[in-house]
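Look for chain A in each of the two complexes below; its partner is chain B in the first and chain C in the second.
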Partner chain A sequence: MNMAMSVSNTGERRSQQNTRPACNTTSFQKKSRSKLVSIPGTRPSVQNGQLIVSTGVTSLDYVIGGGLAVGTLLLVEEDKYDSYSRMLLKYFLAEGVVCGHHVFLGSARDPPDEIMQDLPAPILDDIPSNAVNMGQVTACDSEDQGSMKIAWRYQNLPKVQTALASSSRFGHYYDASKTMARELREAVKCSTFFLPHELPAESHAEPSPISEAYRLLLRSIQELIRQEGFDGTAPQKSRNILRIGLHSLGSPLWADDICCEEKPTQASSLTSFLYGLRALLRSSLCTCMVTVPSHLIQNRAIMDRVTRLCDTAIALESFRGSERETNPLYKDYHGLLHVKQTPHLNCLVCEAPDTKDLAFKLKRKQFSIEENGFDDYNDDNLVGRTLGPCSLPAWEELTAALKGIFYNMAHRC
Partner chain B sequence: MMLPDLGSLLGFSTEKIEKGDFILLSDRNADASFLINHFLSLYLRAGCKVCFLGLVQSFSHYSAVALRLGVNLVQAREQGQLVFLEGLKDSVGQLLQQGPDSEAYPMGFLRGSQTDLRSLFRFVQRSVGGAGEWSPSILLVDDLSVLLSLGVSVEAILDFSHYCRTTVCHQLQGNMVMLVRVGEDEDDEEGPELLLKALTHQCSLALSIQGLPTGYCRDIHGQVEVRWKERGPGAAGPGGALAQKKLLQYKVHDKGVSFFARGTSSAVL
Partner chain C sequence: MLLDVIQGTENGGFVIIQDTVECCGRQLLQSCIAAALHREEDVHVLAFEVCEEDVRLRLDRKCEQRLCVHNGYTDPLGWSEHPLFTVHQFISEELNVHLSGSEESKPATLVIDSLSWILRHHPPAVVCQRLQELRRGGALRRVVALLHCDLHQQGIVGSLCHLATAVISVVPGDRGQQAVAKTTRRTKSGKVTHEEEYFSVKEDLTVTVESRPSHHGRPQTEEDEREVDPAANLTFNLRLSEGEKEAKEKLSLPFVFSAEKKSALLQPRPGSGRIVYDPDASDDFDPEDPDDDLAV
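What follows is the complex of A and B.
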């Protein structure tokens, strides 16, 4: 693990966007360690050596600490109209297709096939040839030794676009205005779960902390993991990652009432499901993104519990329809992105971002996330921007003093 | 070396372990799981028999963290010093109601047919009992509030903690450490707050972790409030109120945690 990091990660920026060091043009072959599972589309994290995958959005990868660790769960709290969170889910699934992962999509509202047909098209001509990290054969090592070196950059690009399934690059860019070609999509295995088709008309509800709908979904995921060997039973050579995308969990269409009631009758249904999902993820080569319409959940305690049962949690707050949409300070952005939680996996300390104050913008070829640069002028945006470590008594004394002043003033009038 | 920091903060040492203590860890808007890992390594080093209910993470996670703190969980488990319940492992089978229904499964409450945590308590009883070369017996729970997320009622959890306390702290003269995580809203009358209040009343030492009230800071991860009940002959006051109190700030490192008085963090000085 150390060898991998020192060889390929010296001088590498966390954003994974620049080229790898010059050593990839030599014939040096890194000795692949037996512990390192070299699955396309994954790499060990720089911070802690965990195996990570890209979320499909390179700026989001950077924000959550390099990527999404295999075996963990990413929670995305939906924006009000579910426009940007749905886009993130599509990027996540598209990344799975491009990397050749097995994709699982569960939804209750939109048929999964519709979502899959609407994935953004990957931008292919941006991909440089760099494969040393995965221990794959580089351009120089192939039998084309005698061919022209000028064109080496294009040698690894497949002649036909459809053969992209084993792309070894970490993190791709997508064109949001085009949809992914059908051949590309059909080259990977895709499993779906559409609740209206799975839920029986009559349900014999035994008392259980988890509802029928979530139980069926959990069983479906468990069966898929067992059948395809994601729990480690598959032979080493053919190991792959399972990407699970679950749309709008907790919404009433999942037969859940946490979005309708303040004291729901099935308060622990979604959380029990997430617990079971965590158990499945921790013991298999899977990674999962879940979107939840948190703005509909009225009981704050439930949302806290949901967040704690996920590993990484972000929330999207779009400006659309709010007064911020016309505010000139926000004109460069589509909304705010809050990092609610980052996981600490196999270590004590979690990856703390520099700032939790981020804004996003969905451009045609990129979903960009940037640091919020205008809170100096905006009074109600001080949350997240550190005020520096204040010691508590000083603050209390100050407020007590202020209260005293106002009290005196009020009584003198 | 950070571990003596926590030990010296609390007056603990590996040579001398207090008996009959119920330590309550809680966090609000922060993550107190580093504390439970510290206690685990502290007690294992002191040669105690430890029963750990790891309900939220896999065994390999705790093992990796413990290695950084200098303790080998795999070895401890093999030697019989550590009894570890990996809650996640059996949970899916129970949630999906696969396999036979029996009280032998500690996570059997997930089936829904049981309304209390009897099977979990029986597991604890089996694990901490039996005098051996390791003593005293310690029970660690990470964490108690996840049981609320799994549909267990507050009463059942309080019953469970009461039974455990009677067994571990009074009968076996061991210690019990439990972690409870609550949300941001203090007025919320939901389960976690109720649970926290009831357990705070019963415990002998309470450590509450909170985020900084002034916002997020990269160099200070939060503040910890330590409250002791007084021990000794003069301690039997009305209700046995938690007497001593200390408020400190902390920062979690890769191999430990450092505590410092407020305003003295390296970010300021």
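What follows is the complex of A and C.
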């Protein structure tokens, strides 16, 4: 039973959540027919009504069909030097911090605290007062900050989203050159799992399909879910989402040898772990991102099984250090993004982007994913269309609202 | 870049020198040892493939007391009763004791000759975990290891290089004597640089680097996003002078109302709207003749 399904009302799944703060720029309020508790940072998907969360990267949300559904597992196949997949993991965790979710980070290589201290800072979109906007702040300007010169009719209306606490927007933007403030990070509950600290010195080596490292990790996640009540035992009002980030599963540091041998001794260890993890996710309000160094895994069959066991799977291929770096075709991008799998969640069709030929570029303020395209008139230039909605998130909400209205109308007929 | 890596400016690094049977990387390893000794650092060498005399062979006599060679060559598997250093001691905690044995607490450099030997006797996952533990321990500043990549499966070599911060692959070059070193370095921030250079190691173990091979293109260096200023080099003027700015500010805007009208409009008022009339500068309002139709 999918936990997310029981949270959203079965009958009126299509109704939009009123996720705006109380003080609105408009007085329009949609009448919601059911009393749903909206968890901050989530919204129902317009495609199939699933409760989805943002991955932290808005282009990636679009590519995987609107967002990451609660209760599913996102697999990211790492690029060769683990630079961009690590960045994606940080965006995922940063989004959890900004939305106020509970964050869990499991790592075997770098201490989780180091990763948490390195999260990118969110970009807040507070609108400055118009006097500053016009550049009219002169020495003789004796008006105070609050009054505006031209748009003075709006000066009493509250500013939009200055405080992060009231951030109910879906999907945020981050500045990769700055790190997140410590107060912001500490406001959110964070649990960590660092394998060298958890692994006992003497391993008991009982034969089991799953290795000890993965078993400890799974048990740690299970205990956290049970303690904090993510499996539905928490009261309705205080429900929250648990975001799990697992770094570099399958690498030798997790005591797994699928990266070293073609015929590993514990070939099914990682797959058993993922099976157990997905069962945990399906029965709780959790979502998980796992990065796997797939370029090291020698046996393709294992990688295929791992992909099958995850719900959404993407692969990053970076151009650094390869001959493609100097290829003029790819000079605008940092690498290619392959969408290996998208899930069918309670429906027959899955949403996929129109084209499979996607390339990514890590800019300072955005991780953008674009289509590779050719300009017919000029073979030298590439026309890249940035995927997803334009960078105004309001546009995305507007289109989502329109779609919701159409679905509603269709249902009533 | 090869010289930078050998000099070893950053802390916490893990350098792997990959060589094959065609081209030996041991000389580069020796030059790393020599460079570390010149920098007045403690160096611990785990020698499994060469005897102690060979390690000390071309090194400077003055710096020798800082060099500590753990002899794993004579009895690596501990067959005799008192082995000097065995390959099993690498995995166990005894190595930590050896490394932190010096009085000064300056972090040391650990040189492993070679990692292939250890991989023959321990599972690669265990070796990876142990290396990571050594790096994190704090007793070591840097780990430099020699790896014979033709002795292992590709997966093992790949996994170890994945852990490394710098990988130097030594291959024979086109020109007779000179070998080519392909260096890949990864910084903590995720930036990766790659370079290929001809190198040669002289008698005193200094490395000279020569011109890069011409047929390999120079890899593109990562440039920051430089935004081209569209307002530069225009035939028309887009900027305002000081006088123009002042004139712009003096301009009275059309909907600038008086303070009462503003506050009246700002306050939310129930019911019908209120009309507040503020006479304009050009308005000629006569209170006795409001409609301005009396012929006076």
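Definition applied: the second predicted complex is superposed on the first by the 296 of 413 C-alpha atoms of A that agree within 3 Å, B and C clash if a C-alpha of one lies under 4 Å from a C-alpha of the other, contacts with A are read in each partner's own complex, and residues count from 1 in each chain.
Note that a contact is a pair of C-beta atoms (placed from the backbone, for glycine too) under 8 Å apart; a residue touches a chain by one contact, two chains touch by 3 or more.
What you see is a predicted model; the values in this text were computed from it and never measured.
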item: A:Pro235 touches, of chain B and chain C: first, second, both or neither?; value: neither
item: Touched partner set for A:Leu296, first chain B, second chain C, both or neither; value: second
item: First (chain B), second (chain C), both or neither touched by A:Tyr81; value: second
item: Which of chain B and chain C A:Pro328 touches, first, second, both or neither; value: neither
item: Partner chain(s) touched by A:Pro207 [first = chain B, second = chain C, both, neither]; value: first
item: Which of chain B and chain C A:Pro252 touches, first, second, both or neither; value: second
item: First, second, both or neither for A:Arg219, with chain B first and chain C second; value: first
item: Partner chain in contact with A:Cys260 - chain B first, chain C second, else both or neither; value: second
item: In the complex with chain A, residue positions of chain B that touch it; value: 31, 33-34, 37, 57-58, 60-61, 64-65, 68-69, 88-89, 91-92, 95-97, 110-113, 145-146, 148-152, 181, 183-185, 188, 190-192, 212-221, 223, 247, 249, 252-257, 262-263, 265, 267-268
item: Residue numbers on chain A that touch chain C, as the complex places them; value: 81-84, 86-87, 109, 111, 136, 138, 149-150, 152-153, 155-156, 196, 251-253, 255-257, 259-262, 293, 295-298, 320-321, 325-326, 363-364
item: Contacting residues of chain C [partner chain A, same complex]; value: 123-126, 128-129, 132-133, 136, 153-156, 158-159, 162-163, 184, 186, 190-192, 194, 217, 219-220, 225, 249, 253, 255-256, 262, 265-266
item: Chain A residues touching chain B - in the complex, by the definition given at the top; value: 206-210, 215, 218-219, 222, 267-268, 271-276, 278-280, 282-283, 299-301, 304-305, 308-309, 344-350, 352, 354, 356, 382-393, 395
